[in-house]
Amino acid sequence: MVDYLLRNKLTSILEEDLALGDITTEILIEPKTAEAEVISREEGIIAGVTEARELLEMTGITVLESVEDGQCVGQGDVVIRFRGVNRSILMVERTLLNIISRMSGIASITSRYIEIAKRVSPDIRIAATRKTAPGLRWLDKKAVTIGGGDAHRIALHDLVLIKDNHIDAVGDVATAITRARSRASFVRKIEVEVSKADDAVIAIEAGADVVMLDNMSVAEIKETVEMIEARGDRKRVIIEASGNVNMDNIENIASTGVDVISIGSLTHSVSALDLTLSFSSSG
Amino acid sequence: MVDYLLRNKLTSILEEDLALGDITTEILIEPKTAEAEVISREEGIIAGVTEARELLEMTGITVLESVEDGQCVGQGDVVIRFRGVNRSILMVERTLLNIISRMSGIASITSRYIEIAKRVSPDIRIAATRKTAPGLRWLDKKAVTIGGGDAHRIALHDLVLIKDNHIDAVGDVATAITRARSRASFVRKIEVEVSKADDAVIAIEAGADVVMLDNMSVAEIKETVEMIEARGDRKRVIIEASGNVNMDNIENIASTGVDVISIGSLTHSVSALDLTLSFSSSG
Amino acid sequence: MVDYLLRNKLTSILEEDLALGDITTEILIEPKTAEAEVISREEGIIAGVTEARELLEMTGITVLESVEDGQCVGQGDVVIRFRGVNRSILMVERTLLNIISRMSGIASITSRYIEIAKRVSPDIRIAATRKTAPGLRWLDKKAVTIGGGDAHRIALHDLVLIKDNHIDAVGDVATAITRARSRASFVRKIEVEVSKADDAVIAIEAGADVVMLDNMSVAEIKETVEMIEARGDRKRVIIEASGNVNMDNIENIASTGVDVISIGSLTHSVSALDLTLSFSSSG
Amino acid sequence: MVDYLLRNKLTSILEEDLALGDITTEILIEPKTAEAEVISREEGIIAGVTEARELLEMTGITVLESVEDGQCVGQGDVVIRFRGVNRSILMVERTLLNIISRMSGIASITSRYIEIAKRVSPDIRIAATRKTAPGLRWLDKKAVTIGGGDAHRIALHDLVLIKDNHIDAVGDVATAITRARSRASFVRKIEVEVSKADDAVIAIEAGADVVMLDNMSVAEIKETVEMIEARGDRKRVIIEASGNVNMDNIENIASTGVDVISIGSLTHSVSALDLTLSFSSSG
Amino acid sequence: MVDYLLRNKLTSILEEDLALGDITTEILIEPKTAEAEVISREEGIIAGVTEARELLEMTGITVLESVEDGQCVGQGDVVIRFRGVNRSILMVERTLLNIISRMSGIASITSRYIEIAKRVSPDIRIAATRKTAPGLRWLDKKAVTIGGGDAHRIALHDLVLIKDNHIDAVGDVATAITRARSRASFVRKIEVEVSKADDAVIAIEAGADVVMLDNMSVAEIKETVEMIEARGDRKRVIIEASGNVNMDNIENIASTGVDVISIGSLTHSVSALDLTLSFSSSG
Amino acid sequence: MVDYLLRNKLTSILEEDLALGDITTEILIEPKTAEAEVISREEGIIAGVTEARELLEMTGITVLESVEDGQCVGQGDVVIRFRGVNRSILMVERTLLNIISRMSGIASITSRYIEIAKRVSPDIRIAATRKTAPGLRWLDKKAVTIGGGDAHRIALHDLVLIKDNHIDAVGDVATAITRARSRASFVRKIEVEVSKADDAVIAIEAGADVVMLDNMSVAEIKETVEMIEARGDRKRVIIEASGNVNMDNIENIASTGVDVISIGSLTHSVSALDLTLSFSSSG
């Protein structure tokens, strides 16, 4: 999203808090230039700095310094420091914190999964799903990317992903893939969701670019990867594992040799990073 | 939000997934009437049914039956069942689940906090804050309400809430309140955030309708409540406790005798309720 | 409304006059820097200066000086003076005047009511209603505030205001209030509209924060206020009088001792302040 | 405006009152079918019926009967009667009344001016100006039309109207008109604002389609019309009088023989028609 | 369209290409200041420079020099040169070229028609129709104007244009015109579409300002013009020819003496001017 | 685009013609039910039927029958027939024709290219580019698809397409691809634009999914394809030819053995299909 388009998104976010004004600040605060900073209360990966800069600029506040998106901060570290009219700072405070803390929460958990998975499989990717907060698809996916993850598809149009219902409607895996290859644009990859090793093999034979092993046990995943390798098809396909991934099983899944592990909770069950705003001066 | 206005919100949510179409479904699925249902995979309080109904209707799908907002479901229970063109169901599936699962996640945790708090203080309220996901203020607050909680203020204009920065700017608590009372509309309540018992007393004397005890220990909260009671001011004011509330300390805080406990994590760190969609027939 | 959000509102207002351009100006006027000023042709209270500044800035015009919102001007006084491209000034002229003249008309009449009412009741408030021009709620209410009035509620969500139809539906005043107190957020005040002194008393007993005496005669209002005072409830409640208030009866109503008088005509029957734009130089 | 486009306008109007819901109604009213009607409390010309019907339909309410736009009603007459869910009726009530009462106020005063003017000049037209409420250009102009008036130009692009500032910039009246005729599309009329009889004559010679006599006295207007007639140009041009027209001078101005009288106050200083909504049944 | 309003139009155009970002550029290009220019690969009239400047400014790019709208360029000529961040230039490139190349294609063909027509009829106008690309009415019409053409009506409200279906509904040409004259605002012209010389005469008698000869042969057009001249009505009316105009018949139609020739293909069948963007430096 | 979202697009298209109404029709036509049909005046492939149906339904018109998108029609054939209020039909006529005639023009020319190319290369694809009319990306691409073509990427985010400027910035083809593979999501294909056979080979070695041969002569294209085949890489890559493709050279380019030919003029230089609307009855 270029800056100009981002403004429209941020405007609609600002509106839900500020459309009718901040009566407390308007009533009590005389306009005065002040400096303030967002400080982290816990360790994490910061995301949302680009959005924060745009938001502050939109409201006439000048950013003095900030960490970069993707940078790790510890407790007490300054995330972003800025100067502007005290009234504007107070009005934008909550929106600013809500954006950075959610995005940083997503980046931080993504980063933690990656760290664990890469210990056993250095080239593995941790990917997001479309299980994002309604209206926040783009920001949620961007936060995953900042945390080192893979955004996966952004929307329903940018990847052919054949799921069980599609296969049921068509009849079988191979026919579905053949039909998709002939009807979809040549610029799209074709991914197929399977729950059995046999179907994975059929999918690869039929020309799938990516095979998603859905809700399979670690043992089944491992067996499927091995079967594909044994058939000499390992290089022709990207293998993705998905379903009920958590901190407890991520290492085992990563050790099966899959290329990608996708995790819905990265974005559907976010813990916001704990941030606070404090005025550093009012001169 | 009346139905017609809700449609605009849902449209913008739908757009992020569907604006350029669902290429997989368009390529593979012949239009056919089908029935499907959203099923819960875990126990929880359902919220988002009104939104789900509107969303389904917008896309030409007929709801056959559903639970009510606020109803408790168990694992395997049907949340909502509907009939429509299979292509439409597949296209709206993810948006539908994202909305209900987030809202139900919020309602469920709210309900759990309330259950614990009410054991020791039957009339207590559990309230949300403005720490909502960007763009989801209204839906997040509604989910808290459905879970039995109190929405607190929706936006910056609908309550005068005097915080430390406002007090610093004005000089002292009493002056801030006096000024707010004379300048704000008579239809607004005035709340003041304090971190010391003395300030709470001053605030009440000056005419605050609500006093928020911010980040105080359970002992300090208790002492403040008692001091207010001792002065005969208990009935004149609503006392709210806020800051770092969690499952471990909620009971103790509730037992101090405050009227309201507000909890940021209800909406800033949501665990989505685990839901799935399955086709029940395709006739 | 922060400046950035105000722009969106002003854009849609500009569009209705200028979306397809100002053909006269485009055809006849060579771009040249010029100075112009808005001059008042009659005495009044100016409102809309903030909006005017934003509008002018949006169209690349620099404000040189202006009165403040709420300032009183006489015939011939300069309201706002600015410099910019002559074409831009001509294009924005009508929109600019329409905004300031309506807002100033509202502020001026509000101020006149207040002046009269305060003569007999120095602490009284004159309040607006929701009888605003469609789409202009926020600007109309702001103009009332600038004129010294009270905005009352902005929209249906920010005050519980129980009217006769609500009472009819519930059964009686007391039940309606009790139900509202338990179901509404603790941050909202509860106001009840009554047309008899008895109901006012019942409402106060049941915990109403504000009682609106609707369409009652001056004598009835007076009697009700006295009854409330006699019962020792005067400090517990805000009393608002409403209905058919005009320049002829405002003083009498104010003298009854009510706290607030709300007047629909402040915003539903506005006389625009007579303003004109003139070019002061074209160098 | 076709119905579908009108909905977007009405939606944004609804949003300012209802975007966050009607908390009173939501808290207190059980959904039930009811009938209600808008009743006039004074005599006037009704306008806004088309908009009212669309608004009601949007919110799921069925119109049972209504007067037509332009129809005269007396005190106590039913303007529109409808049936729907009581909650929806209560939520839309104020928006509905605000639209009809403003539009009817405009139509009524327009009609009164026309009645007077036509007594002395049966073919005369009473026209609106662009002095409309911000954002309400289209509805205000439509109301004038319903009242029997002429909408004049809707926006800056749909008529070449050469004013004093344009003439100053170009140098003289004749050059301005010649230039406008060559540069504007042949589908546009060209109107020129003049304040002296001589300029009116020059304008007509140069090919103006309409001449506006701005802020001239009744005597001057009369003299100008006669001079034009004397020169044999009367049929070639439409003569419009404008500036400080009111109930006291309208008859005299009309008697000068001008074709059109335009009146800013029709839309900039509206008195809303007094309407009320009452529930007629709740079965 | 003033600059500020143009931005909204350009934003929605930008969004279709850039809303989710330019992944290639984001992945591969380090931000660096660069200079680039749009170069024409063929001869033509440039249009869209105003839009291009706005678009570049919106994305933070500074225009260094450019031709003027309406200027003729040859192969290899620089249309517009600018400096900005290389990433921004790459992101906006396609949108920029799409706008200028379409608008310039329209201006160029318009100019070619005008050149031919004016050879035989120096005062003739070449006009556009409403056969524009959906959503591009304003830009298409503007390009015609820049090419020297006449925009004709922009939308259905800004000219009364009575077509055969309208005449059929009313009964006859004269009644339709009489009715339109009495019902339409006096600021609108009235045009009538006829396909026979007799109807043209009737239309003029009835007071039509413009007569459109629709789909008539050159001979019929000529005969109609002569008949009108013979009756002494030539000065009272503007005559427009329309229907199947092309490069082969334009000269003959122009030589009939009509005032205006309108051509649908100017905007419904555009050949984009061939333009390319190249980086001239990256320092 | 699901129906509901399409409505928003169509609304903004309708607005440019109809926002202020169709004054001619409003003034002259009494509402009456009528039937009308869109008839083709030339042979072609129809596209835009889905959009037409939605547009008609939005304006309350019922479609009686229509051809399917992609169907071939001849001169005089009915494209779509419908019944509705005559006023609505007249108001929507031009918008309806503009949409179908542009989309059908695109589909028809696409189909003609495909027919020629497939004669010599039965599996070849003809693809669109991003050279679409501003704001019409989605409809233009859809029309290409209906004509049998390949939509190629819709926007900048849905394919990594490395062009010369990207390669220059990175240093060389291989590095650019390697970097893109590691940084882009695994769900995206990577395409590289090259202008020399050697670079095509390097691109394939580095892992490009698609190679675009840009502005190469037929001989060079042929040689490149052969070189790739000789190296045994033909199956690993999709080869696209692009640049200055027209009716004269399409067959030769197709015969080189490339997989895809992309053609900018399909959408940047459209000839609208000639369609007309006629009323078939008015009962």
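Read from first to last, the chains carry the letters A, B, C, D, E and F; within each, the first residue is number 1.
The working rule: a contact is a pair of C-beta atoms (placed from the backbone, for glycine too) under 8 Å apart; a residue touches a chain by one contact, two chains touch by 3 or more.
Bear in mind the structure is a predicted one, so any value in this text is a computation, not a measurement.
Peer 1: Examine where the copies chain A and chain E touch and state whether the two sides share over half of their residue numbers (same) or under half (different).
Peer 2: Counting shared over all numbers used gives less than one half: different.
Peer 1: In terms of CA centroid distance, which chain is the most far removed from chain B?
Peer 2: Chain centre farthest from chain B's centre: E.
Peer 1: Determine the centre-to-centre distance between chain A and chain D, using the mean Cα coordinates as centres, and give it in whole Å.
Peer 2: 53
Peer 1: As a quick test, compute the distance in whole Å between the mean CA positions of chain C and chain E.
Peer 2: 45
Peer 1: Spell out, as numbers or ranges, the residues of chain A touching 2 or more other chains.
Peer 2: 18-21, 91, 138, 154-155, 157-158, 188
Peer 1: Among the chains present, which pairs are found to touch?
Peer 2: A-B, A-C, A-E, A-F, B-C, B-D, B-F, C-D, C-E, D-E, D-F, E-F
Peer 1: Once bound in the complex, which stretches of chain B touch chain D?
Peer 2: Interface residues on chain B, with respect to chain D: 1-5, 8, 138, 154-155.
Peer 1: Which residues of chain D touch chain E once you look at their complex with the stated criterion?
Peer 2: 125, 127, 150-154, 157-159, 185-189, 191, 210, 238, 240, 259-260
Peer 1: Can you tell me which positions in chain B touch chain F when the two form their complex?
Peer 2: Residue positions touching the partner: 11, 14-15, 18-21, 58-60, 88, 91-92.
Peer 1: In their complex, what parts of chain A are in touch with chain B?
Peer 2: Those in contact with chain B are residues 12-13, 16-25, 27-30, 32, 86, 90-91, 94-95, 97-99, 101-102, 105, 130-139, 155-158, 160-163, 165-166, 168-170, 176, 179-180, 183-184, 188, 265, 268-272, 279.
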